[in-house]
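The structures come next, written out as structure tokens.
Two complexes follow with subunit A in common, the first pairing it with subunit B and the second with subunit C.
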Partner chain A sequence: MNKLIRRSLLRHPVRTLLTIGSLAVAIFLLCFLRSLVTTLSAGVESANQQRLWVQSAVSLFVDLPLTYQGKIDAVDGVKRTCRWQWFGGYYQDRTNFFAQFAVDPEPLFSMWPEVEIIDGSKEAFLEDRRACVVGAGIARQFGWKVGDTVPLIGALFQKADGSAWEFQVAAIYRPARATVDDRTFFFRWDLFEKTMEEAMGQTPQVGVFVIELEPGADVPAVMASVDGLFENGPQRVQTTTEAEFNRQFVSMVGNVPRLVSFIGGGVLLAILLACVNTMLMQAREQLREIGVMKALGFSDRSAALFLLSQSLLLVGSGGALGIGLALLTQPGIAGFLNRYFPGYEIQPTTIAAAIGVTLVLGLLAGAVPARVAERTRTVEAMRPH
Partner chain B sequence: MIRLSRVSKSYRRGGETLTVLDHLDLDVPDGAFYALMGPSGSGKTTLLNLVGGLDHADAGDVVVAGTELGALDGRDLSQWRADHVGFVFQQFNLLSVLTAIENVELPLLLAPLTRKERREHARHALELVGLADRMHHRPGQLSGGQEQRVAIARAVATDPKLILADEPTGDLDRRAADQVLDLLGQLHEKFGKTILIVTHDPLAAARAEKTIHLDKGRLDRVETMPPSPDAPSLPRP
Partner chain C sequence: MLVPFRYNLRSLFVRRTATLLTALGIAATVAIFAGVLALEAGFRTLFVESGREDLFVFLRPGSTNEGDSIWRRDLADRLAKTLPGIRRDASGEAFASKECYLAVRRFRVGGGETNVPVRGVEPRTFDIHGDGIRIVAGRRFRPGADEVIVGSKLVDRIRGCALGDVIQLNTTPLNVVGVFESEGPYASEIWGDLDRMQAALVRPFPNRVIALLEPGTDLPALARRLEADKETPAKVLTEREYLAAQTGALSQVLLTLGSVLAVVMGLAAIFTATNTMLAAIASRTHEIGILLACGFRPLAVFLAFLGEALVLGLLGGAIGCLIVVPLNGLETGATNFNTFTEVAFAFRVTPDVLATAVVFSLVLGLLGGAAPAWRAARLPPVTALRRQ
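On to the complex of A and B.
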């Protein structure tokens, strides 16, 4: 019977292979799109519980006064703070995008244990005001080594003479977790502050303050206290957990899960219709043979299962191919998307979802033809056309 | 073997009711070889379908091999067909994607046999019809006569008591038709099969013991044929 199912499906090999190909692409897309969402979610979920982020209550793009740091440091439950400022420069060409931040050098390593130095040293970063710490990803891309001088053109913050900012590579880090990206460039706040004072004649402001909590600190109380400090300005602040901060950051590019669900749903609906069409053609072409099988003693149920099995085999082949393709291309895609989706990985739940969707597609595509086969009267099916 | 009592069957066509069989009575004894003849629309094929359990009568009783077919539901009727009837059709109706031996094996899938036993039964049936050397050919690679002989092998593979043939020589030339009729004759004479054959061909009907003539769904007349002096021989492949 298996042979009959297989050969019936391959009666029109081109049509069958094209349908399997379409299914493979659809299931591959499903795995890929879902993996983008799970990768984003993993970044949010793996947030450090001991860190809080303080940003302007108006927007992430509004800076905060430098003087806030001392007041935040004094709040009960706060162990220390670290200033972050988005630099927004570029290396050689504007297309060479990577994130750059001016940060307080001392807390950087102790507050971010997920950053692991693989070349150079923390001490070198602390000793030299021009020092920078770079991710292994950008070091590899631009061929930077420890000791190299790296010029960055400031797009948002320019030096007084308009020349490039020059940094010395003191250390190269790699993320201890896949969901942390390896393409960030950290340099020292004191260099940033001094240079901007020279250029603008005033102290620069801070993008966000990152708080490290004392062990056992009452998180809601700390958040409320920090927010309460600046309730009357000059800039009201919003303190959030790191997970919430990450979630808000991701949502800045839109509701990715909903967008992905919309696209994925559309693709699956289209492929379902294509599969139903293929299976209806199969049923129409095999109607006489189904009549013969019933005459030989096969039951109505067997006739239905015969077509349902063809549908499951057809869709299952496409699904297996799509899942295989997704797994096979995972390393390549992870490397290609590392800049935007660090830690891209196909989770077992995604594979399970793809198998489930394949199964449902197979059942849905085969349901109508199976019903036709079941209800077809033997005499009608075998009547000469 | 077959007993029809006041059997009626009608179809609705374009809002009109068409009576195909009208209070028909018929008895076919065990081991008989009967032919059914009559003009188109006289109810021959419908009668064959009712006897083979492919269709239900609107009224009357159809009893075959001791079973009242009207009392069986779809599933039981399927099993009954698998156990008791072998069909031979005018257009052969072999499955084009299967080889000759796989086609013959098809009804054996419903029997409690191992794969090896199925293959043995199918090979034996193909040997019986003289096509053992064509067992791995697909229907498209066989002549019409050979296809019909494979269909006969498929019909006898499960060793049913009853063979129903609907114009089995209708699509064949004379020589191939004679081979098929020889085979049916041999199944009747050597193996005691009960055979009911629908035909328009007087030469085919002449092979039967009796010819039942139908007209407008009623029994018109019964013709008894003289016994053939020569025993039929197996056809050469």
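On to the complex of A and C.
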């Protein structure tokens, strides 16, 4: 019986191959689309529990006064804070996009255990005011090595003489997990502050304060006291967990997940129709064989099973190929998307979903012809047509 | 001599289950492709078509949008005063206005956070826009008062944006006293008095200056002059140019997504069409033998089956268009990645979108039908005739 199933599928090798091909493409597409959505929310799941983020309650684009740091440091449960400011500059050309932040150098390494230095050293970053730490992704792209001087053009923050900011690569970091970005550029707050004082005649403000909590700190209480400190201005703040902080960016992307599931539905429908089409063709052509089988004494049930197994084998091969294709292309796609959308990764749940979809497709596509095979009377099936 | 086309049409009808299944598969592919295109068209028209050619936007040099552009107030005033060719009303007052702009954090009605633009404007702004900004409920804010008006697209989407609500900005509560309509992206914004907005947001500087210039102003010459200006260097664009430049990032994302989907799903649809055509030809081998024996040339047979595949593709394209047309006008929100703010817009199923969809479906039919039609044309008549 197994051999018969295989042989029946190979009777039209081109048809079988084309069906498997289109299935593979569709299942690949579903894996790809779902991975886009899961990657989007991966930042939320990879969030660190020991960190809180303090930002303006008004807008992403509003800075906070420098004087807030001392007050936040004094709150019960806060171990230390790190200042972050979005630099928004570029290297050589505006299209070379990556994030740059001015940060307090001391806390940077102790507060982010999820990154590791693969070249250069932490000490070099702490010693030299012009030092910077760069992600392995951008170091590779621009060919930066430890000790290189990197000029960045300040789009938002310009030097007094309008020239480029110059940094010395002190260390290159690599994230320990794929969901952490490897394209960020960190430089020292003291350099940023001094340069901006020269340019503007006033100290720059802070984008966000990152809090490291004392072990066992009461998180809601810390958040409430920090928010309460600045209730009456000059800038109200909102303190959130890292997960919540990341979630706001996911939320801003808006309807994308819904759009993607809509597209996924269309793909599914198209591929279901294609499979049903192939299986109906198979059944129509195999009607005589089914008649012969029944005449030989095979039951109605096994005749139905015969077609259903063909469908499952056909769809299963296509699905397996599609999942294989998705896994195979993962590094390539991740590399391509990395600049704007880091951390593309196919989750095990996505593979499970793909297997589920494949099985359902196989059963649905096989059900109709199987029913025909079951119902058709032996004599009718054997009659030439 | 060509094979009568009716032969192919009838054959599609005889095998209607397979025809329908294949056409529906093509339709799903075409519908998704056209849907993404309609989304992009809606987004682009919202920005580009609402932009005026006689309204000019002045930014600081080097900035690409008003979020980046920061004017010192005295310089902005000086620019508005010294601008050549500015249009004035009967009393001699110039049609120019300073505006401040900030994307503020708000919550959607359905949950989730988003960025909504708040714009502080001078009373003159309303004279400049004329009918472009229409109050549809309540009234305008009073100059100097803690009042705002909200764009009509925000009312049902963003919390606290209905008439009579209070919007809290930092430490200042602002009353919503009116709702306004506009064809362009302004309908997704909150507007208030320039001075009050600057005070509430603790940002004492305007972001851009807008002005009406006399017709026939030489824009390139003006742009060169302003760029070289020692005291108030500025970048000038028409409102239309400014808005068009804001669509770049999202348009690119949508077009890339659309093309990737079209190629990948198109591949699957081509495979299906090939399957259907191969089966159609296999079961008609005898007929093809008769056609060839009658004296029809292989080329005629090839064209006949290619035509059949094209009709199959076109049928799918037509169904796909029918699926997409009801989307026209459907409102949705998306983030404009240039300013990182959310803007509401409608799907626009334009004739261009439909034409692209139909051409795409024909290409699918063509690619799916070419190999089977070739096989049919190459059949030796005698063997073909022998097959039952």
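In this text, the second predicted complex is superposed on the first by the 357 of 385 C-alpha atoms of A that agree within 3 Å, B and C clash if a C-alpha of one lies under 4 Å from a C-alpha of the other, contacts with A are read in each partner's own complex, and residues count from 1 in each chain.
Here is the rule we use: a contact is a pair of C-beta atoms (placed from the backbone, for glycine too) under 8 Å apart; a residue touches a chain by one contact, two chains touch by 3 or more.
Predicted model only: the values in this text are computed from it and were never measured.
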item	value
First (subunit B), second (subunit C), both or neither touched by A:P234	second
First, second, both or neither for A:T378, with subunit B first and subunit C second	first
Partner chain(s) touched by A:V62 [first = subunit B, second = subunit C, both, neither]	second
First (subunit B), second (subunit C), both or neither touched by A:G21	second
Subunit B versus subunit C as contact partner of A:Q248, first or second or both or neither	second
Contacts of A:A270 with subunit B and subunit C, given as first, second, both or neither	second
Per-residue touch tally on subunit A - higher for subunit B or for subunit C	C
Contacts of A:P348 with subunit B and subunit C, given as first, second, both or neither	neither
Residues of subunit A contacting subunit B in one complex and subunit C in the other	none
Subunit A partner contacts - residues on subunit B that touch it in the complex	49, 52, 54-55, 74-75, 78-79, 81-83, 87, 89-91, 93, 95-98, 102, 106-107, 109-110, 154
Complex contact set, residues of subunit A against subunit C	12, 14-15, 18-19, 21-23, 25-26, 28-29, 57-62, 155-156, 232-236, 238, 247-248, 251-255, 259, 262-263, 266-267, 269-271, 273-274, 276-278, 280-281
Contact footprint of subunit A on subunit C as seen in their complex	17-18, 21-22, 24-26, 28-29, 31-32, 35-36, 39, 62, 67-68, 102-105, 108, 112-115, 169-171, 201-203, 261, 264-265, 267-269, 271-272, 274-276, 278-279, 282, 332-335, 340, 342
Residue ranges of subunit A in contact with subunit B within the complex	1, 3-4, 7-8, 10-11, 288-289, 291-302, 377-379, 382, 384
